[in-house]
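Letters A, B, C, D, E, F, G and H mark the chains in the order given here, with residues in each chain numbered from 1 onward.
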Amino acid sequence: EFAKIDHHRQLRTGFPEVIWGPGKTPEQIAQIMKAMRQHYPVVMATRIESEVAEDLEELVPGLIYYPVARICALKTGTLKINATGIISILTAGTADIPVAEEAAITGELCGFEVKRLWDVGVAGIHRLLSHRHLISHADVLIVVAGMEGALPSVVAGMADCPVIAVPTSIGYGVSFGGVAPLLTMLNSCATGIGVVNIDNGFGAAILAGQILRSAEKLAKKING
Amino acid sequence: EFAKIDHHRQLRTGFPEVIWGPGKTPEQIAQIMKAMRQHYPVVMATRIESEVAEDLEELVPGLIYYPVARICALKTGTLKINATGIISILTAGTADIPVAEEAAITGELCGFEVKRLWDVGVAGIHRLLSHRHLISHADVLIVVAGMEGALPSVVAGMADCPVIAVPTSIGYGVSFGGVAPLLTMLNSCATGIGVVNIDNGFGAAILAGQILRSAEKLAKKING
Amino acid sequence: EFAKIDHHRQLRTGFPEVIWGPGKTPEQIAQIMKAMRQHYPVVMATRIESEVAEDLEELVPGLIYYPVARICALKTGTLKINATGIISILTAGTADIPVAEEAAITGELCGFEVKRLWDVGVAGIHRLLSHRHLISHADVLIVVAGMEGALPSVVAGMADCPVIAVPTSIGYGVSFGGVAPLLTMLNSCATGIGVVNIDNGFGAAILAGQILRSAEKLAKKING
Amino acid sequence: EFAKIDHHRQLRTGFPEVIWGPGKTPEQIAQIMKAMRQHYPVVMATRIESEVAEDLEELVPGLIYYPVARICALKTGTLKINATGIISILTAGTADIPVAEEAAITGELCGFEVKRLWDVGVAGIHRLLSHRHLISHADVLIVVAGMEGALPSVVAGMADCPVIAVPTSIGYGVSFGGVAPLLTMLNSCATGIGVVNIDNGFGAAILAGQILRSAEKLAKKING
Amino acid sequence: EFAKIDHHRQLRTGFPEVIWGPGKTPEQIAQIMKAMRQHYPVVMATRIESEVAEDLEELVPGLIYYPVARICALKTGTLKINATGIISILTAGTADIPVAEEAAITGELCGFEVKRLWDVGVAGIHRLLSHRHLISHADVLIVVAGMEGALPSVVAGMADCPVIAVPTSIGYGVSFGGVAPLLTMLNSCATGIGVVNIDNGFGAAILAGQILRSAEKLAKKING
Amino acid sequence: EFAKIDHHRQLRTGFPEVIWGPGKTPEQIAQIMKAMRQHYPVVMATRIESEVAEDLEELVPGLIYYPVARICALKTGTLKINATGIISILTAGTADIPVAEEAAITGELCGFEVKRLWDVGVAGIHRLLSHRHLISHADVLIVVAGMEGALPSVVAGMADCPVIAVPTSIGYGVSFGGVAPLLTMLNSCATGIGVVNIDNGFGAAILAGQILRSAEKLAKKING
Amino acid sequence: EFAKIDHHRQLRTGFPEVIWGPGKTPEQIAQIMKAMRQHYPVVMATRIESEVAEDLEELVPGLIYYPVARICALKTGTLKINATGIISILTAGTADIPVAEEAAITGELCGFEVKRLWDVGVAGIHRLLSHRHLISHADVLIVVAGMEGALPSVVAGMADCPVIAVPTSIGYGVSFGGVAPLLTMLNSCATGIGVVNIDNGFGAAILAGQILRSAEKLAKKING
Amino acid sequence: EFAKIDHHRQLRTGFPEVIWGPGKTPEQIAQIMKAMRQHYPVVMATRIESEVAEDLEELVPGLIYYPVARICALKTGTLKINATGIISILTAGTADIPVAEEAAITGELCGFEVKRLWDVGVAGIHRLLSHRHLISHADVLIVVAGMEGALPSVVAGMADCPVIAVPTSIGYGVSFGGVAPLLTMLNSCATGIGVVNIDNGFGAAILAGQILRSAEKLAKKING
């Protein structure tokens, strides 16, 4: 048996398992999606290139493909994530959008409201400052940046909520496929930043969701 | 003027500026602490080695030193952080405790309740499993590990809340001063993990606090 | 002469030379296989992509190709490896299967019995714990993992036998093509682990075989 | 509580937990050793510098210190490791001896017979060839080498048993504190080699011991 | 002869040779300074630790030591640098001041006017914005930053002149002794930035000076 | 909205925003170019491969493509850069020309005069020395080199103006895609060198232009 | 002018300039070859892939292509290299042959006699020892090895002449494209080894030739 | 026995074994020196810090210490190296002299004549050009350089003999302890260069000696 699906993951952690596409054949992905559809109203696979998506669309009826986010989904209902609050997502540049969309679509498929603000990098800081209100009133922020990855430092210095920093592989030369912005984010002199792997929009969205779920649980405790 | 203290930081981000010790003379640290004490009921400096702390104790009356956490503090009241919820902190080994204590003391100085669980690394997984309840009922988790840094992956697979992973420089050979556990944490196949810099217990605590504050704000909205 | 076949290797080390495919033309591989078939009942070549295998099938009559393992073999009898005992192989994820199959097929071609347990990574630790018996009763374990590569640490803490850890190049971003799980395995806080190169399923199988052969020789001495 | 001793480790894995010295205070090490002495006839701590050993000798009566191996031990009996066979240890140079002694003393404290062969590096290959018999008749080999770390490749090509390769931090310039010999060993064109972390003599000995224990178990199975 | 002083350097490049201290004995430095004093009104040596400076003060009468900048100088007149314009220097934090002072003192010893603006890092962006006028009216800017090194990107997006970025070794963990801010600066999405080696305040000042000298030459051309 | 064009950049920094091609679809690039053409007499996009340029030529009437420099431009007038002076560009080898042309075309599109001197690398130092006059009379120099990248060191030792060093990805083996010449340039023992990212001809040209603009502004002050 | 051919190089250094293919268009290579053919009886270009060679064969009549060595040459006579002695070339494996052939063809085109010994790697050390005579009587040795690159250490311990070590990019995982064998060779505990860049067969041959030319010059001096 | 002295090394390779000091106790070094003195007229140990040398001077009567080169020697006669010819050694800077002296003293102790030319780095290229005659008439050249390590490229373009390049750990920031100049030397666009490990003056001298010995042997053949 090539896969042991972790059917209890949502029970334990709030979110169901999500299929990671690379290194799996379309047949394997299709088989896992079909098995999971028995248990979950929403089933997702990430990192699906368009050719693989075409194969999957034939194997899995009802499949939806999000080409910019490179996500495939089966949706027969809504996940009961038990959370309120909005996930706000920023990018430094236009080229960072696919990673940000991976986060956005993941968030939306999990049932969250998502706000998008693209291309507000620090080279023209007024672009960011003119959205100061969005930042200082956010519930949780995902900040996506390639090249030198300086955006999360500036945002975290303005934000009154947790910031999830996502380095992207956008850049060249000594960006080293995203290592440079990753280091920038880990070394940030601003606080309140949690970092995820390069291009890991998916992981950022789940962490953001996990943060918003905390609120719901706390609300219940406070409320008694 | 060698320092421009950011007196609005708590207003903007919920937490006041904290002094980073290395590269500053004791005189500079003392002067900044004294200036900040005018504005804040709690003033902190991190990464203070014991010799520096001795100098500081002479320069700054009323200073408290936490030797394991290497933190100095001036405490004349309590920070108004506006959050409830508990920060639970785990370490993989005994040698990771100083970094975990940096997180714990930071959290406590900011007004949070902190739970400590030391030496539950994955080589004897039963040690972790026997604290399953603590993990699955936590509000937010900080997981501190050196060497191979595998603990956050296992914990995040069991936890129903955000996990903050802190790699430590504990190890030798190809641990590369903490780079190995950092990579482990960034590459985790578990989700809901935000990573901070090597040995950055302080940053982990602020991020945990930020998560609890965000939850609190939302919980208030939910509860009306 | 482009190759000096080491015909004494089985005499010296217990295992015959195995052909490493990359950087050789199909003609060179075919010629070496034919030369070796004179001396050995089983001849193997590893890292053979499917196109090369097609060329080889024309050049070498009787060739068998294992596409997942990317191994070609000529089999006219059985190798006299002088060992009993079983090689148990685990993977963390589905995408690690090709490397694990390289190990499994190598082991089987050498005459060993192989047990396979796929997709028991640490993010859902119960999957692993439910096979606790297999692990604690194994003769020798090969543990194959990509991404953060944490599985061998957990397994070695449960196993009463040597563990061979194989990092895979499965992952992205800071997995650096398998360097991250390699570091994890070398830094393991668990003991009894020997590590091989990234994606080196073949080498893991030979080391496992060597361990079982050594045991066999000693067992004979013990049993008189 | 700063340490959760894993008292079941010998039951699960054959070997008791061993204390890793760095990052622990002498008081912590002493307290753990005393706690473990209740359960085990042999208690070990590794990576103990001579000044720490002096402190420990005062805190823990009966302590033995091995200065070259940097190991402290309490010995009130013999570990029941259930293994026969000899661990043979080679070094490439004189400067590699401390790491090799860490392996040797660990092996001896666990109850194994150890053979030592120092300074047989490949620059004078006749030194190695003149001990061909020791190599080809070994039960398990530990090969310790710094600088370019070529010795395990040559030894594994001559040996009829598993080879455990230990890179050392001996060298300068681009030896990068042992990374160069580590890479050499992982890339070896010889087979049957398992690699451990830089300077990890201790880990090599436990793996060697684990291999020899396999034999004992197998002997029992074969014998019925 | 241990040194071949390049007495023509000022003729060729506008600036005389400056002695790099590390790796030279105090006697060697003293001898070179004395030889150069015959030809130049200002002689400088950089990277002089305080103990070396004490030795030098005995060997070279009239020596001035700048302890924060770690520069020693002999000054019997003024260098004819033929330049006007001001060098404005910014730091991100207090701990970056020594590198910035190396630049400032170098600039002043060469005869330039220097403006200093310390501790205006991006985590509190208002600190920078409140000095917007200084930045947008500068002739040439040197921006000194450690940790994530984001300051030059923001400054270059506001400045109407060349920006020289100097990464510092201030930081910890994955700042890698200044490599992280160096990468940030080289990958900047802002333009008009030239980068120098980590902690190279000296080099930044000479480059700034070279830029201001260009103006002087151009002025002469334009003026006819 | 996928792009927030920074229409004030020329006002703030002297140069308008330039579109970075990679990671954008041709449609996105076309739309940005058309929007910018309303405001600027010259609009540029860099890193445009020939296939993308073909698409763009259909989408954007009047587009000019420079295939060696990989730049697309729309030109309806001249940028008011307010600078005189010449940008002199050198390459070490023939293979470095595309990067140098990126600099040259950028400079020319911005309105500067550009001098080109190709293939004067240090292995035949007489080639460089025979152009000594060009170097010692330059206003600003851009030096482009791959492989070992030694040329800027030699040039800066001969030049009476700022030197901008551009490492290229030309080379193999341990050139590491341009990291080796980058390190060479950052470690230069010559002074007056500012370094830009690998293959960043564009950035070098803007920095050169910024230097000449600064000079122009000062020259005006000097000349009254 | 895209190339400044260094027509004096043979006068200065004994060997004419050789064209490095990558990054040049076929037209550029052809033009340089034709220009050089006026001055030299042998003109060479290295790193020429077969498709480029096909283009060149049309552009340059009389061109010879060596496909394994990837060298193109024009040969109208013999170079006057003024050297005797033989270049002996060894490889560790079959896959290293292309790099070794680059060295061999370069040597032969320069007029040297070349001896080839392929596939004598250290995993079967008897293969090497059986050619002990060739090694101990060589004039100069080129040793080509990938993977762990241990061969030069063993050879240099047996040889009475200079050894030139050439790492190759043959390998996988942590061979890092040849960095691992490069480090091995630089860290060798054997002496008398000079190392060249990864896959640099050409450079090794020129260095070998330079060594043999020394002999000729010395012979003349000795002889008076 | 802690050392197996390779008494045949001079027979096989022309040079006796030399003791590498680091990682050996003074007692071990003394014992090896005394054992070797029975067989060789000259015995050397390298990398001996002054405190170790003081210990050795007491243990080994007649010992000579070269403090700059950090070499200890016992000299009761002359080595029969069978070579004429001169080793010419250049350094780029004053701080590189200790490494160059390691080469020089090694060469002289082996019986070679050595020419020294210090501080002729490329930032003032006229210093090098004024010694053009020494370079173009050398028998073999050792070029020692730290920082950017550009000197060997320029020298090899002027020299009519083999060039041995020695990177030094002199530098800071991204010189990475000598890795930067090492890369420069390996990537050199000049030919005829063999590279040794960082700071390996000793190895450079033996390679130079090996080159001169090879020449001598060939010269004898040529001269009949």
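Heads up, the rule we're going with is that a contact is a pair of C-beta atoms (placed from the backbone, for glycine too) under 8 Å apart; a residue touches a chain by one contact, two chains touch by 3 or more.
Worth saying up front: this structure is predicted, and the values here are computed from it rather than measured.
Distance from chain C peaks, on a Cα-centroid basis, for E.
The contact pattern of D-G recurs in A-E, the pair among B-E, A-F or A-E where over half of the contact pairs coincide by residue number.
Computed from the mean C-alpha positions, the centre of chain B lies at a distance of 36 Å from the centre of chain D. Centre-to-centre, using mean CA coordinates, chain B is 45 Å away from chain F. One inter-chain figure worth recording: chain A and chain B are separated by 25 Å, centre to centre, where each centre is the mean of the chain's CA atoms. Shared interface positions of chain D, defined as residues touching 2 or more other chains, are 9, 20, 93, 123-124, 156-158, 173-175, 179, 182, 186-187, 191, 197. Contacting chain pairs in the structure are A-B, A-C, A-E, A-F, B-C, B-D, B-E, C-D, C-G, D-G, D-H, E-F, E-H, F-G, F-H, G-H. Residues of chain A that touch chain E in their complex: 92-93, 121-125, 129, 147-150, 153-154, 156-158, 171, 173-176, 179-181, 183-191.
Looking at the complex, you find that chain A touches chain C at residues 1-4, 6, 8-9, 17, 20, 22-24, 28, 32, 47, 167, 169, 177-179, 182, 197-200. Contact residues on chain H toward chain G in their complex (touch as defined above): 9, 12-15, 18, 20, 84-85, 136, 139-140, 156-162, 164, 182, 186-187, 191-197, 202-203, 206-207, 210-223.
Of all residues in chain H, only 93-98, 118-120, 123-124, 126-127, 170, 172-175 touch chain E in the complex they form.
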